[in-house]
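Below is one structure; the comments refer to it alone.
For clarity, chains are labelled A, B, C, D and E in written order, and residue numbers in each chain start from 1.
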Amino acid sequence: MSEMGASTVIKRKHRKRFRFPGLEIYGVLIYLFLYMPLIVVLVYSFNSSQSAMRFQSLTLEWYQKLFSDSTLLLALFNSLKVSLIAVSCAVIIGTSGAIFLNRVSFKGKDLFRSIALMPIILPGIIIGLSILIFILNLKIPLSMFTVLLGHLTFTTAVVLQQVSARLSRLSKNLENAAMDLGAPPIKAFFYVTLPMIKRAIIGGALLAFTMSFDEIIITYFLTSTFTTLPIYIYGMLRFGLSPEIYAISAVVLVFSIVLIILTARFTGTEDEKLIS
Amino acid sequence: TAIASITAGCSGGGSAKKTLNILCFQGYADDTWVKPFEKQYNCTVNVTYAGTVEEMYTKAKAGGGQYDILSTDCGSVQRYYEAGLIQPLDMGQIPNTSKLSQFFQKNADYKTIDGKVYHSPIVWGSNNVVYNKDKLGTLPDSWSVLWDPKYKGEVSVTDEANNNVVTTAIYLGFKDPYNLTTDQLNQVKAKLIALKNNCRELTNGFDSEKNALSTGETLASVSGYDSGLILYLKNTAKMNVGRIMPKEGIYIWIDGWVLLKGAKSPDLAQDYMNYILSDEVQIDLAKSLSFGAVTPAAKSALDPYVCSLTDYDNIDNIKVPIFIMKNPENVDLRTQIWNDAKAAS
Amino acid sequence: MEEENFEIELQNIRKVYGDLIAVDNSSFKIRHGEFFSLLGPSGCGKTTTLRMISGLEEPSEGNIFLAGEDVTYKPTYQRNVSTVFQDYALFPHMNIYENVYFPLKMKKMSRREADPMIHQILDLVNMGNFEKRLPQQLSGGQRQRIALARSLVNKPRALLLDEPLGALDFKLRIQMQKVLKDIQKDVDITFIYVTHDQTEAITMSDRICVMKDGMIHQIGTPDEIYNSPATQFVAGFIGDMDFIEGRADQVSDGEVVVAASGSKFVACRAVGAIRPGDPVCFCVRPEKVHILEDGEEDGRYINRINGKILRVVFRGNDFEYTVKAGDIEIRLIVPASGTFVRVVGDTMKIGFKSEDVIVYSYEGQGCHDEQKHAG
Amino acid sequence: MMSKNTQADRNPPADKTAGQTKPRGKGKKYLVGLPITVWLVLIIIVPILIMFATSFYKKVGSNIEPIFNFGNYAKFFTDSIYIPIFFKTLLLALAVSISSIVLGYPLAYLVSRKVKRFRNQLYMLILVPLWVSYLVRIVAWRAILGRGGVLNTLLLDLHLIKEPISLFIYNPFAIFIVLTHISLPFVFISIFTSLEKIPKNLINAAADLGANGPRTLKEIIIPLSMPGVLSGFTMAFVTALGDYIIPQQLGGPNGLMFGNLIVSQFGYAYNWPLGAALGFIMFGIAVLILTLSNKASASEGYLE
Amino acid sequence: MEEENFEIELQNIRKVYGDLIAVDNSSFKIRHGEFFSLLGPSGCGKTTTLRMISGLEEPSEGNIFLAGEDVTYKPTYQRNVSTVFQDYALFPHMNIYENVYFPLKMKKMSRREADPMIHQILDLVNMGNFEKRLPQQLSGGQRQRIALARSLVNKPRALLLDEPLGALDFKLRIQMQKVLKDIQKDVDITFIYVTHDQTEAITMSDRICVMKDGMIHQIGTPDEIYNSPATQFVAGFIGDMDFIEGRADQVSDGEVVVAASGSKFVACRAVGAIRPGDPVCFCVRPEKVHILEDGEEDGRYINRINGKILRVVFRGNDFEYTVKAGDIEIRLIVPASGTFVRVVGDTMKIGFKSEDVIVYSYEGQGCHDEQKHAG
């Protein structure tokens, strides 16, 4: 290494690699496009004017108000509650379903799988409507429970998709080895399979949570006494959007970034790399 | 069902305390007057908000005994009745009805079916045109502004089928805008297409109306909440705004309570209706919402300027024809006409 | 043999996947402490057989006995056998120590109790210093040893190894073969070893079972398999072999004379019922073919061919010549120490003994199962 | 000659006591499928079937009666507004999905192939906008695109325009922009994933065989990332197809979309059977698009 | 030699990745039409060297010449060499025909023009009937041929092959080695062949370059490499070798006498400067070690050992014995035809000639680079 003198370094005439002209600029512009609304939200959350159009002066008023607005906080709490419960159930149903689809063979599996994955892409209006009609036919009153049902559709499908993808890449031999070494199937799952698919579960749950937390269309059809944050904001659109909404969006935004970083840190890319 | 009983069990708390379940628009059950009510009647009030009239109806239909009362515009009473969702009120339990302004006492058609009363008012308002006086000067008192090619791309109307059909029918001079003949409907439709083409946007609720006017997106907007809008624009956006009192007639709505069938606490419910008509609550309502109070009591408590702006003080004296919202002849048809108009180019 | 206590016994095992018969009518017995190999080309059913023994797969028909007990339908985790997988299947989220502890943990053995056993077994495979490492931090050969240790720590009645060295380097493979063999002697456990590498099977096994397309072709000691292949397939699969197609000319008690490409060849051994006129295939190992120096008249090399050298390959300690005479192409292997070097194009006289030739009745698909290069 | 064993009787041995022991709780492994099956049947299949049934009912007065009829579907085909709006919506969805791909592909290509440092961070950054409520983003877009909005202010300040431009909002263009904004992260993810799957060696091989950068892109990278493009396309298409809030909020007088038509039947009109029928037509299109894209990506999915 | 026109020349090539020197000061010249192999253990820099020749990697120092032209900084697609990748790197979305057409298409050759060339090359690799198939529908050996055809169709000046047979079965590998060798003769193109399998390198190459840790240890013909390994590493890496540690006792002109485990051994060849008293390592090939029958007194086997048989391995056509005498463990290979069979525990007298022994000065890390099994 030491003999790598300066003279040899200087004569390096690196071969030009092809670069698509302007690709980076294009990339930056797209990021800008993606972030434009977020910037607006952030700026207005510090805007002392009620009007969303003119920026007057910096204020923390909306952040302060935020924490004394019990209805808004309740809506936020409800959103968290419904998303957490829906995601927890989705993790159980989706993970067991993924194992079912990957480790048990039965007729009509492909059809089963494609129907089960449909809620991810089906327009919310269709999911919402179909469940609403179903529920009304059963004379079940609308409540948090019905909202949960609605959220369970796509959250489960998302977890199913993510875990399924992971499982299909995971060598079956690890489970086999565990059983071979004396672990009954249940233990083999908890000691071996689960740690392997942990990351996919967390990733799927996170994505499902993101979608559930922001869900409006399905919730709109299925809620009654139960107000989630998006529903609250939607209702506010009738009477006027308070800058508090910008503030709470900013809070959620910061919180989500922290969450993403933390999950990235805790699950790490390591074990993923190791296995695949 | 099991779920219902769980919910009821949860919200009911102890059995000694009565519970009132309310479904309403935001603003109609504020803590300011709900808390005293709870104390006074030793009960718990659970409030659920709905965003739109339609949502309200769907929820009521799905609710199955979940709510005691809900707030609805007067135009929907017939519909709730036909769907078998509501029961008549015992006017004896709502003595405050006598406090209503003369106008509301005289015109009771909208709430009476087969001689029975189904609706107890809360507030009222009109669907009206609010405009930017700085830019437009003073406009004539006529709905025609909305069709005026001078203002093409500068006006907006609400994206609500019935409102627009009624407004257009009034503008066209039809006697009963809630009961139009096929021929009249066709004329309305033609006018609606022209209306839509003159519009910059179709607003959805107060936020988008206020946004439209305050940002200069539009110069004149139809609003179902004209009073609130004017106040906002004057006070917050510091604009000089005007309101049209169309000579063809104005179209007003009255929001009020209906008593649902299967209500668990009908007595408490009617106590609440009565309570809403008490002077204090009417004043609170008018103050917090700047809608029209249905009793004259609020008049004294309100800023005179606000009163003058919004005619709250003289519903009994308004000179132009007033059309109280009613259930129209054919809901499907009106929806379709509006959809057709929007789809037309 | 019959009175012995067999460790593992398969009775008429058959495994069907949909239309495919992966293993057909397989029966064999393995003695305690034996090193038993399953050998055969890819897809012949080796893994399937192993998986049925370990319980990861259920046979469609037939029974499996472990130490006399019918375990055909016992789940994997209740059988006292253990598998070493080709990809090792070490748990990537556990370190070496935990990997080896795993089977003991499943037996509800406490860490304290298990500790000396783990150390002992890690020392056995010479990996005592790696306890804290994760499997990913080990080289292939090291992982292999850990997989072995993990399987052995449970003291299974039998160890099943599915191509355990398949993923390793050439040099490392040779080395690990020794390690494996030594360990087997140390622990005195029955090994069932799956491989498709014939050299590996021959050098390591006590007995070999050669399979093809789900069928067992031969079971025997390496010597039997190498020197008395029971079928033409075995002959071609195990070790190098020259095949020559021809027609049976005379069939007598101890001899078959075969006519091929105008010449006649005498063979002492024949497999299958051969009548004069039958199409046959005979074979001889390249190292049994000798160069006959001019004038040399060793009467033992009764089968003689005069041909041209087609190809010469240096193989380190020997040369491989390919000689062509008429339709016949024959390879022979000659030690490199012979100072006399011949080149492509030279003519060469070669010969081989009748006792080194085996005749098989012609099986239809041509003698060579290899695809020839046409260019 | 085979060894003796293979000559043995093919029939199983007579004393096959194993027959009784065989079923070792085979049903057990199906148990794990129970939750997903219940879920699938109860909240996916049955509701959709009921919705399907409802689409054949009829609204009588204010009530819905189970009178079987095709009227609702007939309405779609006979009534003059549905089909034009339907196609307009399809066109919009198409435009949204194409633009999402046009924006998302180069970005995914950039992040996955050209960036070495901060690659994960850049990837994460694309997902962050998903965390701001969809409704809030709509409102923010209103503030950006409006006459007095950020964009116009900027253009005015730069003296690029003299008058504020009103064409940014309250027309299908605004719907298109915002839907693209919403779909872009999802399209990005799916293209990125498929780009990541392309083995580096194939790109080396292409270079080795004489392909320069652009040709490698055209001949190798784009064809092999088609499954990702297709699934991104589907995602964006179906999102745009079903959304009605954005058209309602930002679409202006000409922003009526098929989703709004469906919702209007569930709103004021309370004509659920018609709404269900229209919903089912949309469902059909969504399933069709999904199936087509699955088919196409199955035939393109060389890297699975 | 100098006047020849070299196809490929590397001058002092060095490649550094961060701290790691992957290839160090590499220089060699390859003649037109030569079959040149790069051989060495995993991670020694073979692939890196190949990638620098093909242009997929840029050297940190030094220059590369193709047919006299300095191409060090030319991009891959402008160099007239072609690589066959270990995983074949066939384009999965193109059928066989299109895969082979690809390089021609890149040269803007029309389909019509290219067609005969494609057919010709597919026939050459004997894959004429597979045109419409997708790569996924082929077996490993077939894919290998297509990769070859695709690289050859462009008529490159040189073909670079990176462990092209690494992913294949044992039997298939042997077969494909022949195919490759035959094709090379047919097309008369320079082949640079990367492998870590010494047998493969020896049987196929004209010349071999043995590498370790980025350094070239020896370049020579297979015979040179096998019989005169330039370093201890080469000696151990190529072919079987017994290593014995000792200390130089006497060093004379043509001979070194080494003392090891109480005995003395005479060697005719020595590598490196060795002085009496130096620690050394000497080696002999197992097949050069002979059994000395009782009473046999062949004077050529000057080095003799009396030991106990530790291990006997049957290898088909021969046996491998491991004999232990004192600290010395030595393996020898004896043809299986000898009727006299010895078993573990027997004593055995063995000997080897002084000219078969090479002495290396001791390199510190022990003679054996293999890890021994301690159990």
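Criterion: a residue touches a chain if its C-beta (ideal position, glycine included) is under 8 Å from a C-beta of that chain, and two chains touch if they have at least 3 such contacts.
Only a predicted model underlies this, so the values are computations on that prediction, with no experimental measurement involved.
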Where chain A and chain E overlap in contact partners, by chain label: C, D
Furthest chain, CA centroid comparison against chain E: B
Rounded Å distance between chain A and chain D, as computed from the means of their C-alpha atoms: 16
Distance between chain centroids, defined by C-alpha means - chain B, chain D (Å): 39
Chain centre separation (chain C, chain D; CA means) in Å: 53
Length of the line joining the C-alpha centres of chain C and chain E, rounded to whole Å: 25
Multi-chain contact sites of chain D, meaning residues that touch two or more partners: 142, 146, 148-149, 212, 249, 266
Multi-chain contact sites of chain E, meaning residues that touch two or more partners: 75
Interface hub residues of chain A, defined as touching at least two other chains: 17, 52-53, 234, 237, 241
Complex contacts: residues of chain B adjacent to chain D: 52-55, 57-58, 79, 82-83, 153, 159-162, 196-197, 199-202, 204, 208, 211, 215-217, 331-332, 334-336, 338-340, 342-343, 345
Chain E-facing residues of chain D, complex: 199, 201-202, 204-212, 215, 219-220, 223-224, 300, 302-303
Residue numbers on chain C that touch chain E, as the complex places them: 41-42, 123-126, 141, 169-171, 175, 178-179, 182-183, 186, 196-199, 202-203, 222-223, 226, 237-239, 285, 287, 313-317, 320, 370-371, 373-375
Residues of chain D that touch chain B when the two form their complex: 59, 61-63, 79-81, 84-85, 142, 146-149, 166, 169-170, 248-249, 251-256, 261, 264-271
Residue numbers on chain C that touch chain A, as the complex places them: 54-56, 75-77, 81-83, 85, 87, 89, 91-93, 102-103, 106-107, 134-136, 150-151, 154
